[in-house]
Amino acid sequence: MNRLSDDDVARRLAQDIPDRAYVNLGIGMPNKVARFVPEGREVMYQTENGLLGVGPAPAEGEADPELIDASKKLVTTIPGSSFFDHTTSFSMMRGGHLDIAVLGAYQVAENGDLANWATLDESHPPAVGGAMDLVVGVPRIYVIMRHVNRDGSPKVLRRCTYPLTGPGVVSRVYTDLAVLDVTDNGFRLVDLAPGNTLEDVQAVTEARILS
Amino acid sequence: MNRLSDDDVARRLAQDIPDRAYVNLGIGMPNKVARFVPEGREVMYQTENGLLGVGPAPAEGEADPELIDASKKLVTTIPGSSFFDHTTSFSMMRGGHLDIAVLGAYQVAENGDLANWATLDESHPPAVGGAMDLVVGVPRIYVIMRHVNRDGSPKVLRRCTYPLTGPGVVSRVYTDLAVLDVTDNGFRLVDLAPGNTLEDVQAVTEARILS
Amino acid sequence: MIDKRVASLTKAVASIRPGDVVMIGGFGSAGIPYGLIDALAQTGVGGLTVISNNAGAGEEGISALLRCGQVARVICSYPRTPGSIWFERRYEAGEVELEVVPQGTLAERIRAAGSGIGGFFTRTGYGTKLAEGKETRIIDGHGYVFEKPLHADIALIRAEAADRWGNLRYHATARNFNPVMATAARHTIVEARMVLDEPMEPEGVVTPGIFVDAVTQYEVRP
Amino acid sequence: MIDKRVASLTKAVASIRPGDVVMIGGFGSAGIPYGLIDALAQTGVGGLTVISNNAGAGEEGISALLRCGQVARVICSYPRTPGSIWFERRYEAGEVELEVVPQGTLAERIRAAGSGIGGFFTRTGYGTKLAEGKETRIIDGHGYVFEKPLHADIALIRAEAADRWGNLRYHATARNFNPVMATAARHTIVEARMVLDEPMEPEGVVTPGIFVDAVTQYEVRP
């Protein structure tokens, strides 16, 4: 089976970020998306710690330690940026003002359920951050993740087994094998990674994929 | 009976505004209070349309038409002033951050009920403004008013007959005849206007005044 | 490219439809988007619900909309002012409905709409006529009233300065309801005294551009 | 005269009592009042409930309070980070209680406390483990969770600049939870990189001084 690299999955997703979009990118794979958005599109990235218009990493020697994104990485401002406090930041999210949020996931289910904040392993303290606020407030939730776990177990499921981040919130899933829309009838295939067939992908997917 | 002038009632009330207080002054008689606060006390006046630190009227030719108080009068800033929007303004009020609000009244009752926004005359459309927010959020509500109506009917009552602004919210009442505290047992005399007796005042007061 | 600038007041208000719920910023005469309101009066679009602190004074602003018979309903905290002649005329003729909301509750209901809050409990109005028919609850010994979010189709906003991203800042007490109303409408239209060629300084932005859809210049101050 | 300046970090935190609920601003390492927290660690005052977005990292900040055994309870959105060794140690030993709150709900609950709101409905967390045991309601077809205000005895705040009236402004993403926490405590203590001799420009104030009780200087940036 042909698997896209993480960068290539991010590149695929980036095609679906339109000009003028307001976008929140989660930590990890989602954060890679910004660098692949096609030229000529002006996209405003929001980071929940109080910046709209997140710019690239600072040049050597120009870092401001108090100018960071939600993953605590040093960032910069761009023309059109604004700073604000946490209540305004979550008004943007919860109030439906962002267009797209890109999130990682442990599990996604065919009913749009998302699990990305806790596993069944209770030996570690739970941590939720802003994920639950994003999924209820942002109209389009794009999940980006590997299609299966390292041990080969499926992450694209009939029903999530991990605690939910939100019920019925996912719009679309981008993996190293496929792009899937969540519809009223379950997952529907949008795209296959080159060289694969739907049967290949279905074989490592617990949920049924409609073509 | 000796009646204080409106200015003298305001002067009396002003003695009870301590140094460093945050104060909202209602429209009309309450607005006179600022000018009589004893020298050496730094008081910050809030106006609900978005200014903390309301200064005096502007000098000739220095008016800014967009720098007004809640009664739409032209004002100025003072050292320490800040501008903010309406949500922050009412967070100050409702959140208990102001110390004192001075309000006019149609009626005050011995249980602390205040009526200052509507009468029983329904021929005019009602208008409430910020009075209901102030009375629930500010710990000390001082009422300043004439003791009786023009027709001699009482305004200091057992129970209000006009629609309430808030139940049980008044701390103290300043009139041209007396200063009265609202206690668990009803009105208690604090001060008499010079030359009057409690009996004089009781005679024009519907509620009982404890001495 | 993000560019929210539109060429004229007329173009800016062209998307307003009959029956729309329209929030209008301002308090007294400060921060009222007179230019946009005039342009709206000229369209003749009717059946509007106007949400604003006041209900107009004199012949301008919301009074112009009332005079032209475009307003079916007013939601505000203080409709009756010395100059509110057109509101009173329409109200007394039964031509306009009125909902009076305490000023802080008005601001908070608008904020709830803009912030995705489904409703909130406030002590404001508890035990008064304005709480009649509303859900109440005792919390820590105090009475509270349940208040619902107040959404709009359109917000008309007055700002001191705007840039092409829709970032706004305000002047003095002309700020008032403008920032919160900008968050609560499907479509937020701004008249700014200055439309900047350069981006606004990020630290000085009061309303981030994400809340704004259209920006046009109107230099006149009241 | 209004003068909220105090001479030292030590004096600034002297009013904190055992068992106090303490809000601490900051996100990541930006906007954390490290100076005030260090001073609090030196007092040894214990039994604290700490409300903050994170639960400390490395040996400094909230980690120092956890290391010194001063924290009985943590209310936060994201306690587990690569550096949260002291939190994890205390948590796994059962020495500290944890309440995890979604980040936006945390901010909104704090705002409710500061703004006199008795509680609110949010969609955040509906249908998840974090809504278990909470009141829910269907509003316009969506599920909402009822959330209560979160008050504090003390707020420890980091600002860029302060004046003697307690007016504050912030720097870049060091703003985060600081402005809202400043509104929600009985006693709000600020460390500012600069304590100004002159009043701040009224238009540039982010936190009006009415929300602030004490201001002291601490120049170091993280």
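A, B, C and D label the chains in the order they appear, each numbered from 1.
Rule of thumb we're sticking to: a residue touches a chain if its C-beta (ideal position, glycine included) is under 8 Å from a C-beta of that chain, and two chains touch if they have at least 3 such contacts.
Nothing here was measured: the structure is a model prediction, and the numbers come from that model.
Count how many hops through touching chains it takes, at the least, to reach chain C starting from chain B.
Counted as steps through touching chains, the separation is 1.
With respect to inter-chain C-beta contacts, which pair, A-D or A-C, contains the greater number?
When A-C is set beside A-D, the one with more contacts is A-D.
Determine the centre-to-centre distance between chain A and chain D, using the mean Cα coordinates as centres, and give it in whole Å.
Here the centre of chain D sits 28 Å away from the centre of chain A.
For chain C and chain D, let me know how many angstrom lie between their CA-based centres, rounded off.
Result: the chain centres lie 33 Å from each other.
Using CA atom averages as chain centres, what separation in Å is found between chain B and chain D?
35
Mark out which residues of chain C touch at least two other chains, giving numbers and ranges.
In chain C, residues 108, 111, 115-117, 122-123, 171-172, 203 touch at least two other chains, as defined above.
Could you tell me which residues belong to chain B and also touch two or more other chains?
Residue numbers touching two or more other chains: 51, 83-84, 87, 90, 93-94, 136-137.
All pairs of touching chains, please: list them by chain label.
Here the touching chain pairs work out to A-C, A-D, B-C, B-D, C-D.
What part of chain C is in contact with chain B in the complex they form?
Touching chain B from chain C are residues 27-31, 77-81, 87-88, 91-92, 98, 100-105, 107-108, 111, 122-130, 170-180, 206, 221-222.
If you look only at chain D, which of its residues touch chain C in the complex?
It comes out as residues 108, 112, 115-123, 137, 139-140, 142, 144, 169, 171-172, 203-204.
Can you check the complex and tell me which residues of chain A touch chain C?
19-20, 22, 42, 44, 46, 51-53, 77, 79-84, 87-88, 90-98, 136-137
Spell out the part of chain D that touches chain B in their complex, as residue ranges.
These residues of chain D touch chain B: 1-2, 111, 113-117, 163-165, 167, 183, 199-200, 202-203, 205, 208-211.
Would you tell me which residues of chain A are touching chain D in their complex?
That would be residues 47-51, 64-70, 72, 83-87, 89-90, 93-94, 118, 123-133, 136-137, 163-167 of chain A.
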